[in-house]
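Structures incoming, each one as structure tokens.
Each of the two complexes below includes chain A, the first together with chain B, the second together with chain C.
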Partner chain A sequence: MDKHLTIPDKQPGFSLPTFVVIMIIIAGLAVFPFVITNRFYISLINEMLIYGLLAMSLDVLLGFTGLLSFMHNAYLGISAYAVGLFLIHVSPASLWLACLTGVFFTALVALPVGWVQVRTGGLAFALLTLAFGMMFHTIVWKWYGLTGGDDGLMGMPNPAISIFGWEIGHSGDPTAMYLLTLVVVTICYILTRRIIRSPFGAVLEAIRENEERAAFVGINVRMYKLLGWMLACTLAGVAGALFILYKGYIGPTTMSAFAGAGVLMMVLLGGMGTLWGPLVGAAIFIYIQDYISTMSEHWEIYLGIVVVFLVLFMPTGFVGLGGYLKRLKRG
Partner chain B sequence: MGGSLSTAVDIILNSLVLGGVFLIVAIGLNIIYGLSRVMNLAHGSLYAVGAYAGYSIVAIGFNYFAAILLAPVYVAAVGLVLERTIIAPMRKRSMIYTLILTYGLMFFLDGMIKYIWGNEPRFIELPAMIQATVPILGTQYPVFRLVMLLITAAVMTGLMLFLNKTKIGIILRASSTIPEMVSCLGVNMKYVHMGAFVLGCVLAGIAGTIAGPLTTIDPLMGHEMLISSFVVIVIGGLGSLRGAVIAALLVGAVQTLAEFFITDLAMVIVYMLMALILAFMPRGLLGEGKFE
Partner chain C sequence: MEAFLCTEDLCCQFGGVTATDCVCINFEESGLRSIIGPNGAGKTTFINIVTGRIPASSGRVIFQGKDITSKPTHELVKMGICRTFQITSVFRNLSVFENVRIAGQARRGGSLKVFSLKKNLREVTKQTWAILERLGLQDLAGEPAKNLAYGDQRVLEVAIAMAGGPSILFLDEPTAGMSPAETRRISELIQGLSEEISIVLIEHDMDLVMSISDAITVLHYGSIIAEGQPEEIRNNELVREAYLGKEG
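Here is the complex of A and B:
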């Protein structure tokens, strides 16, 4: 269906050079907070990692299953609200239980939504993600008693982060949060890459390339689409749990259509169908946003122009640009 | 509020008014999709541009009825420029790209609206003669809303006559069924796509101008309308004009009732309705939808 998508080679494991590069990047990121102790930069990279995870989860849908979700941030928001509400109202100290509840609740919400969405074709699927996303945004925005409406969720406790009794800090501490985020995002990346390169991933790509043929060879297209959707939403739920722990706050703007376009742009910037591209795209996007939003209040116009430009002239993103340069060199 | 009868009359008339606006916007979206296979996510923003254009035309001293004629021309001009420069080159690409493209366009237009007209809400000044109310079955109903109903009916009748009786209309309808055949008969499809987009923009502009005085005009009005018109065309079946008429009236009625009883979360009821209909009738109410 799409000649613009880059199809990666299909080894389930890492080749040696890739493995070395990934280890170097992770090691670099891990020592970062001990070298540069400026809290601002630690928070910035933390946000890049969390949005990177969200963009990567959208890539599972967009790049591998060929389904478009306009408001993937809604599922980050649902999980973040669930974790926050659990910590405030149920138990302020049990961090892991709160995160599990958040992710599980997100999956629970995503299941009926996905069930309705996969019953329609690709176009209606995309429109429905927008409609349901707006619905979740409206609920969070207007249900003042539960979510705090426009003011957002306030009064988050700072539970201690401990792994098997070993306490590394509490969630208000930027360095401890950063290390937790790095570990979780790395695990999620490796797991997702493994899943995508398994026979299950091949089925998703078959659906993306030609839905009818996939159905003819006996693949239950609806069920696999639903599984892809659930995988993406669960990953977004993990990102949401990290998000609220890192920020200590969530408001309805995080779930708005505008923020959803941002996530879509991260995937486009990085290059869809690559899994690691969106992580790079998120880093670039968060950096630019941080830079431009301090300069201009008309950030919307620039966002629109950049999206249009990307789709018209650079549909494969920065990752594709690398491949293009390589081909150019070879002649 | 008088008796239960007058409340019922209020609700019925209000749902017709709301459904009428949904119908005009959704039909425009449907025509563009049916003819050029582009789902225009910037349609809500074009509707907002229509409302703001109507506001500006009235603000510089023209009559409101002149604004109803002039604002759509302005929106059509904006649409023509967008279609020629940005949307036409994308037509051959996959659906996902056109969706993302028009999504970007939506933010661009919203940003431009905020840049030109600012963030604060605006109000269209109505002529004195339609500001009064008339008694209907025990309720005092605003004349303006009745005028809106008349205009909606006139627009829809005009559109049906245009699509069924004129040569251009027949070419447009034929192109939505078998574009290859129409192309073989010597019609330049470039102009068909252009015409469909401009027609959709004109309809969005009319809807914006007549809905403007109904609520306040603010930069976010386009988003709400975009979602409502999606709900309408999804319930009615994508590309089905008859389905859109029924769906628009249904959604208008459900939303008016929900707003009357539970105010803030009214839209949630509408989304639930859509989810239910889709779950059991994936091709829309009349089963005519063309989902890809």
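Here is the complex of A and C:
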């Protein structure tokens, strides 16, 4: 083959072993609710998948574009509220339309916010995400008439989940919701991976590596930062739609800065810049959170200690574990 | 005759300091013009203004008859005004190939192809290999830029700029810190390029400047003190004074 048409890159597709492993994981997750019918575990894994999607979307910003968002959960929240409000007030049975509305509304909110934020970089960008996020948090928290304030959004209907007329259940059914989440998260992962390895993804990586130089090779840095931001927020919006359908409820704490830090930890725990790392990170985080909270109501303290140790001893996150073990073995 | 690129009374002040003081230079469509001067003469500031890195305090930059003063950097690059940096500025965690390709891609388009594959940008791929081979970096193509030896990083710096398809290329001390062999490699490359495009070279290595320049502009305290062919500059009294100080 002509050398001049080959490229010395990571291949955009999956290698065979990776593909097999991914298929086994997906198949395992797909049969899981039929083997272990305990609703508690089904819901737990469902939550892991939804937060995995959110953490993965944050990784698009943090690991690939080099932008830090402290409150990415705000965009999950915005979408969740929008989907919930649509189902309650507009059309209680239109599940897909509600989801589309939620994601679209999230993008609509993220656009002007992003437009302001991309004028900065580094710490200033991160602080702006915090400022906007706290504003959104306060709005949903204090606007009792619309959002139910502290009590959260109540009275969500349970619309039927039907795919081209084939009804697989309704959103109150954990197994049906779980399967829907699994399919959507899988599709989002594959699409995002493809985007990240496209020429567009290369531009994001160049910006992460060296913003000034990126401008000096002719990249409109602000525009591409905004596109990266919109991609991340839209994915967070998808996670938000899944979130409210699965929980049937959303409260303002989901959009708090505290919860935002949690999402950031998921990315760091899993290993940023890998897409799949944050999915694993979210699973670990939610498992630890769930496990410790059964023993102590002050679970945040213990979780904090665990995270401190993980960050100190596994600085590259879970994905770095393989290399770490190899080095350990060699001595 | 209208110049290819020229600056008109370009000034730049930082606080009370005038770094560039009413500089007017005409650049030709091809050939090699060096800008020299003692440390702090305002050479880098001058290219920073022309390439859009910092804004001018006053004056204009005209490129092919169009006023391009204070245009955003990425637009200037698309017009063919490219540069390298005195302090190596590459994409450290990307491979050498990716470093050069991203510049070609940004120039030729394709950056908005979100679902396409990088290898489908065939023209960009071809151009990238051609540049890497021309600069002798082809064997390092898959290596992350940060692993390269210093000299190779400097060469990569030039490769990235070339991939932008410049019609005028500003080189800010490309040979700084290079070994004599590496300097020779770069100077041959620069000479070759200067037959195709306009090269503006900032350089401290006088032997290099005198041997390869078609024209030289000398800056001192932000203003031009001499301009001409290497021979004229070598014998210019003002230039000697600027470099060596006035004789008692």
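In this section, the second predicted complex is superposed on the first by the 299 of 331 C-alpha atoms of A that agree within 3 Å, B and C clash if a C-alpha of one lies under 4 Å from a C-alpha of the other, contacts with A are read in each partner's own complex, and residues count from 1 in each chain.
FYI, a contact is a pair of C-beta atoms (placed from the backbone, for glycine too) under 8 Å apart; a residue touches a chain by one contact, two chains touch by 3 or more.
This structure is a prediction, so every number in the text was calculated from the model and none was measured.
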Q) Counting only touches as set out at the top, which of chain B and chain C does A:44 meet: first, second, both, neither? A) neither
Q. In the superposed arrangement, does A:119 touch chain B (first), chain C (second), both or neither?
A. first
Q) Thinking of the overlay built on chain A, is A:100 touched by chain B (first), by chain C (second), by both, or by neither? A) neither
Q: Look at the residues of chain A and decide whether chain B or chain C touches more of them.
A: B
Q | Which of chain B and chain C A:230 touches, first, second, both or neither | A | neither
Q.
So in the superposed three-chain picture, is A:195 touching just chain B, just chain C, both, or none of them (first/second/both/neither)?
A. second
Q: Figure out whether A:215 sits in contact with chain B (first) or chain C (second), or with both, or with neither.
A: second
Q: Check whether A:288 is in contact with chain B, with chain C, with both or with neither, and answer first, second, both or neither.
A: neither
Q) Once the complexes are superposed, what residues of chain A are shared between the chain B interface and the chain C interface? A) 4
**Q.** Residues of chain C defined as touching chain A within the complex
**A.** 51, 53, 72-74, 77-78, 82-83, 85, 89-95, 97-98, 101-103, 105-107, 110-119, 121-122, 125-126, 129-130, 141-142, 160, 163-164
Q) Which chain A residues qualify as touching chain B in the complex? A) 1-2, 4, 62, 66, 68, 70, 113, 115-116, 119-124, 126-128, 130-132, 134-135, 138-139, 142-143, 257-258, 261, 264, 268, 298-308, 310-312, 315
Q. Which residues of chain A touch chain C in the complex?
A. 3-9, 12, 194-195, 197-203, 205-206, 209-210, 212-221, 224
Q: Enumerate the contact residues on chain B facing chain A in the complex.
A: 39, 41, 86, 89-90, 93-97, 99-101, 103-112, 114-115, 223, 227, 230-231, 234, 238, 264-265, 267-268, 271, 274-275, 278-279, 282, 291-292
